[in-house]
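So, here come the structures, one by one.
In the two complexes that follow, chain A is the common piece, with chain B as its partner first and chain C second.
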Partner chain A sequence: MSRHRGLLAGILGKQPIGTAFVTPYVVFLAVIFAYPLGFAVYMSFHDYFFTAPGAIVDRPWVGLANYATVLSDPAVRRSFVNVGIFLVINVPLTVILSLVLAYALNSAIRWRTFFRVSYYVPYVAASVAVVGVWLFLFNSNGLVNSVLGPLAPDPSWLVNSKLAMPTVALYVTWKQLGFFILLYLAALQNVSKDLYEAASMDGAGRLKSFWNVTVPGVRPATTLVVLLATVTGANLFTEPYLLTGGGGPDGHSASPVLIMYQKGIEQGNPDVGSAIGVLLVIGVLLLALVERRFVGREDR
Partner chain B sequence: MKRKVMAAVLAFGLAGTAAACGSSGGGGNADAAAQAKGEITVWVSNNAEEVAWGKQMVAAWNAAHPDQKVTAQEIPTGKSSEEVIGAAITAGNAPCLIFNTSPASVSQFQKQGGLVALDSFPDGKSYVEERSGKVAEQYKSTDGKYYQLPWKDNPVMIFYNKKAFAKAGIDTVKPPLSTYDEFLATSRKLVATKAAKVAIYPAPSNEFYQSWFDFYPLFAAETGGKQLVADGKAQFASEEGKKVAGFWRTMYADKLASQEKYTGDSFVDGTAAMAIVGPWAIATYKGKVEWGAVPVPTSAGKSAAETYTFSDAKNVAMYSACKNRGTAWDVLKFATSKEQDGKLLEGTGQMPLRADVAGTYPEYFTKNPDYKQFADQAARTVEVPNVPNSITIWQTFRDTYSKSVIFGQQDPGEAFDGAVQKVDQLAAGS
Partner chain C sequence: MRKSPLRFVLLLVGAFIFLFPFYYMLIGSLQAEPDPSVGGAFPDPSNLTGHNYVEINAAIHLGKSLLNSGIFTGGVILGTLVFGVLTGYALARLQFRGRGAVFNLMLLVQVVPFQLLTIPLYVMIVRSYGLADSYLGMIAPFAINSTAVFVFRQYFLQLPQELFDAARIDGANELNILWRVAIPLVKPALLTGVLLTFIGPWNEFLWPFLITKQQDLQPLAVSLSNYLTTVSARAANPFGAVLAGACVLAAPAVGLFIAFQRRFISSSLESGVKG
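After this line comes the complex of A and B, so read on.
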């Protein structure tokens, strides 16, 4: 009996209840994240395609061939440039707008709850529904061009190879703003009011106190916002698909995930799709490290 | 020890997943399955007319074969039925028959080991060829076998809005739409008189299948029935292909067609005066548009009797996860019999892929004269080529077409020449 207990303790450790609590999440992580990621890496190094159960096929090791295919494909290269353009616009704009708006919404203003809800509604609304509004605004005969008149771009926003991706970036910034405002609102509750009082006594105006008290005070939240905006931005798919009809014009709004979907699911080449995915993961990790180094430098 | 525990947990998780992925729902012994009879499941398309047809077909079968019950369900919702079917093949839970299999996906499903060759039934080959006639040839796979039964097509034609044409002062009985020059002149008149915002509105988006509704019907007509790829070689960079590209380029450059994505039906909304679509759409125009239809244009203006077009066919395939293939084969023949095809025609307006549809159902076409021209056109349809990497080929072509023809960022002729080598390689299976 004691031998069995010893064996159980050996498997479950000194804290079996703790292990029991942790196990479901570890299994979840292993099955939902670790296994697919490992499998994607495996696929990217093999000539791999999905088959019916029991079908006997050869899936030979192909080394870096899938990566060579991906890197030599102009559509894939274009998609990485596109997502770069997207991030350059989306991430700083998200940080600035959400912080400023959260600061404003944290102040004692009238209709505060109404404004908070208003900013949050696009985030929770279905993309398909919200895209309809955006198309109404940015079509060649849309509201924006009607207001701009002769200053309207030709070709119009969503079919203009230079403007399509920035328009998508603006759309996503607007759609997700509510979520990031909430993060900043939470962070603002932790900034001590004493600091504002001290700054005021030192003669700092609203702008100076915002810059010298609020911005450093919410730096951990800023780090989180930058990382989350980068990760969600790199996973861009729905918006270019719905707004620009699958990456138009001429692939100038196609994202790597959109190309992954085309290659892996539509065209039955999951090995090539996986190679794009692995490159994207590496790219995002590197970018996140750089961002962490710059934005989160005082957190260390 | 903690590491060991974690390793055990991870291994358990991986083993569970691997087991789930590896579990067989497959067909087992193919010869035994080909004889096996019993319950089967079939999937039908999810539009109301086809669902109604499917229900009555299954009810008729079940009434006569209580020991071989058929259960029908709509294809599960997904972005496209092809993706849902591909996933079902991989998971091993595809039904026995799917009455909505896209010919463009057949080579991929075949490569996945997901399809049953209909030739494996003693009367398989003869049934396909006797029912469809010489059209059946286009649906043969590269190994010479039939993995799909050509079921129904929707010959793509030019629909025009009679009210818009009348407003522009254009003949509504015999509109000048036969040659490219006529089509362009008519389009200019429609836009100049503001009868419609654009003359025609093919989807300008980048999905691989969109070329089936702009370039391909006109290419089939111009070439007298050539496929995009023939004998393993790309055909679109030919003189005829470049003429078609030049025509559409002018339509976009002169803003007679729009580069922008449209949400809704531009023809029904009156935004476009014409549409390029098959007879399945007639039901959606009922009471909304007073329409007429003509064959797609050619550079020299071929007669209707000589004009080819894209078939926009959907076929029936048998999937390898099916255990009772004997019943599935019998159901397939029952569902594509003269009687059931007649019910399909009656209920949906779609043309069964039979030899001489008009002659087989004369009463229907007497009652519905609007459909007669589609039945005539059905004899001259071109299918997507049944070659390896079919969808990748179409996506490659669409990217090229989109860049050069729709957005004018490259000369269409040059762009087409540039895409030939890649398409040839893909068609060769590499």
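After this line comes the complex of A and C, so read on.
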């Protein structure tokens, strides 16, 4: 009997009831992640269009035709350039600001809780809500331009083809910063105090010890911040949709996800939309690999 | 550490940049006439009114929208609590075949960009299953929050093994152990999980926007954005009404966060990097 149990435990584990506990979650992942992921790839290689439910239609294999359509479309190419501009502004700014602010917050400073709360509030609030204020602030006769007076850009921020995307990038940096500050605050707990003492014994100033102790000490967190900021940037939709009236001016702030929505659902070409999605994910994966090489190199 | 007034001033300037838009949101929502000049940032009692709230309420039925946001959020929280706790407990405390695979799957899901799935999910849920304009269709893609599952697992992992050994020797079954031993010990942590889960669906825009065309089923984020993109051009004080709606949308999440900020911050610190 007991040997029998031992054998069974070897196959099923000691508490096979665990399988029952995780089944709903596994089913959820299969239905909501795995299947749609495969379905997206399938659609991108077929001529897929919307039909009435239950209708049996032919969905011919078209190879790379959807990808060719996507890559030859200037609007799609523009959206990938736009997300590039976004990332070039957003990712470095996020890393620098969140690390510096977390470093400043990590010391025994008055009102520490107040500061933490105030930096985190934009992250908690809905983007749709906060977009409303930004529209009000960055309007051509909004508060920001009233303060700037003659320095205000013309045409104004969100309708300016050169400034629209950078303004969106600034918005998202501001909105998400609190989350990344918390990540760095956690990482700073793991940097050994001895290293700071050793650095100050060696006569290193505050700036020098920040650069030589803090920055390398939080490198794993930096890798994570860069990766998460990149993924967030690649998922950009709400902000160009609402801040710049659907990617204006003239598509200069349209994101790939926005174009994917327009082509895939508004214009009824889910196959083309899926191809954009697949390209976007491949792009993000490649970018993540490159970033890991540069940011995470001292891990290994 | 040395006292540093410069650092304090810098943090204060930063906090101002982070909080000012929220202050301005509130002031703007109460102004009868929009005033974008610098003076407009200071409330003028003669220009203050609650009219914008009345206007946005007439345009998008705040009560119904809030109820929809509540049902959407509540459904996600319920699914995450019931199935997430079971999964987290099993991953932390039970030896069974496939545990490692489920754990890796959970980590993998965190890096799949949800937006890639939007189109296939739209085709499946709206076209194939006919769940457009339904709460079920709205909730389904978010029904179990993987981040929360991960956090639950971390909490169950911290409990001492002896408790479980003792309960098993006493012959308790696993569901009983979970319910009578494990959950009572991590109850405060579960609240954190609920708070973490709350923000997602409450603020989610793209998915409910795609699948709800009927206004009386739209969560507040969706109806407010529709107002922003279509109706606002015709309103008397469009920004005032938008900002009033924005205040109503932001208030519950921000309020919960401020009330429980200690929990939010410590949980993010614990689960963020140490993993």
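The definition used in the following text is that the second predicted complex is superposed on the first by the 271 of 300 C-alpha atoms of A that agree within 3 Å, B and C clash if a C-alpha of one lies under 4 Å from a C-alpha of the other, contacts with A are read in each partner's own complex, and residues count from 1 in each chain.
Simple rule for what comes next: a residue touches a chain if its C-beta (ideal position, glycine included) is under 8 Å from a C-beta of that chain, and two chains touch if they have at least 3 such contacts.
For clarity, every value in this text was computed on a predicted model and none was experimentally measured.
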In the superposed arrangement, does A:N82 touch chain B (first), chain C (second), both or neither? neither
Contacts for A:V278 in the overlay, against chain B (first) and chain C (second): which applies, first, second, both or neither? second
Go through the superposed model and pick first if A:L12 touches only chain B, second if only chain C, both, or neither. both
Taking the superposition as given, does A:T167 touch the first partner, chain B, the second, chain C, both, or neither? neither
Partner with the higher number of touched chain A residues, chain C or chain B: C
Touch check for A:L158: first (chain B), second (chain C), both, or neither? first
So, does A:I265 touch the first partner chain B, the second partner chain C, both, or neither? both
Could you tell me if A:A108 is touching chain B, chain C, both of them or neither one (first, second, both, neither)? second
Is A:L143 touching anything from chain B or chain C once the two structures are fitted on A? First, second, both or neither. second
After lining up the shared chain so the two structures overlap, which partner does A:S209 touch, if you call chain B first and chain C second: first, second, both or neither? neither
Name the residues of chain A shared by its contacts with chain B and its contacts with chain C. 11-13, 19, 26, 35, 50-51, 53, 132, 135, 139, 245-246, 265
As the complex stands, chain A meets chain C at residues 9, 11-19, 21-22, 24-26, 28-29, 32-33, 35-37, 39-40, 43, 48, 50-51, 53, 101, 104-105, 107-111, 113-122, 124-137, 139, 141-143, 146-147, 174, 177-179, 182-183, 185-187, 189-190, 220-221, 224, 231, 234-235, 237-238, 241-242, 245-246, 257, 260-261, 264-265, 270, 273-274, 277-278, 280-281, 284
Across the complex, what residues on chain C touch chain A? 1, 4, 7-8, 10-11, 14-15, 17-19, 21-22, 24-25, 28, 34, 36-38, 40-41, 83-84, 86-87, 89-91, 94-99, 102, 105-106, 109, 111-124, 127-128, 130, 140-141, 143-144, 149, 173-175, 199, 202-203, 205-206, 210, 221, 224-225, 228-229, 239, 242-243, 245-247, 249-250, 253-254, 257-258, 261, 264-265, 268-270, 272-274
Given the complex with chain B, which residues does chain A contribute to the contact? 10-13, 19, 23, 26-27, 30-31, 34-35, 49-55, 57, 75, 132, 135, 139-140, 155-156, 158-159, 161, 243-251, 254, 262, 265-269
Touching residues (chain side chain B, partner chain A) in the complex: 1-2, 4-6, 8-10, 12-14, 16-17, 22-27, 82-83, 86, 89-92, 94, 108, 111-114, 203-208, 259-261, 263, 320-321, 389, 391-392, 395, 399, 402-403, 406-407, 409
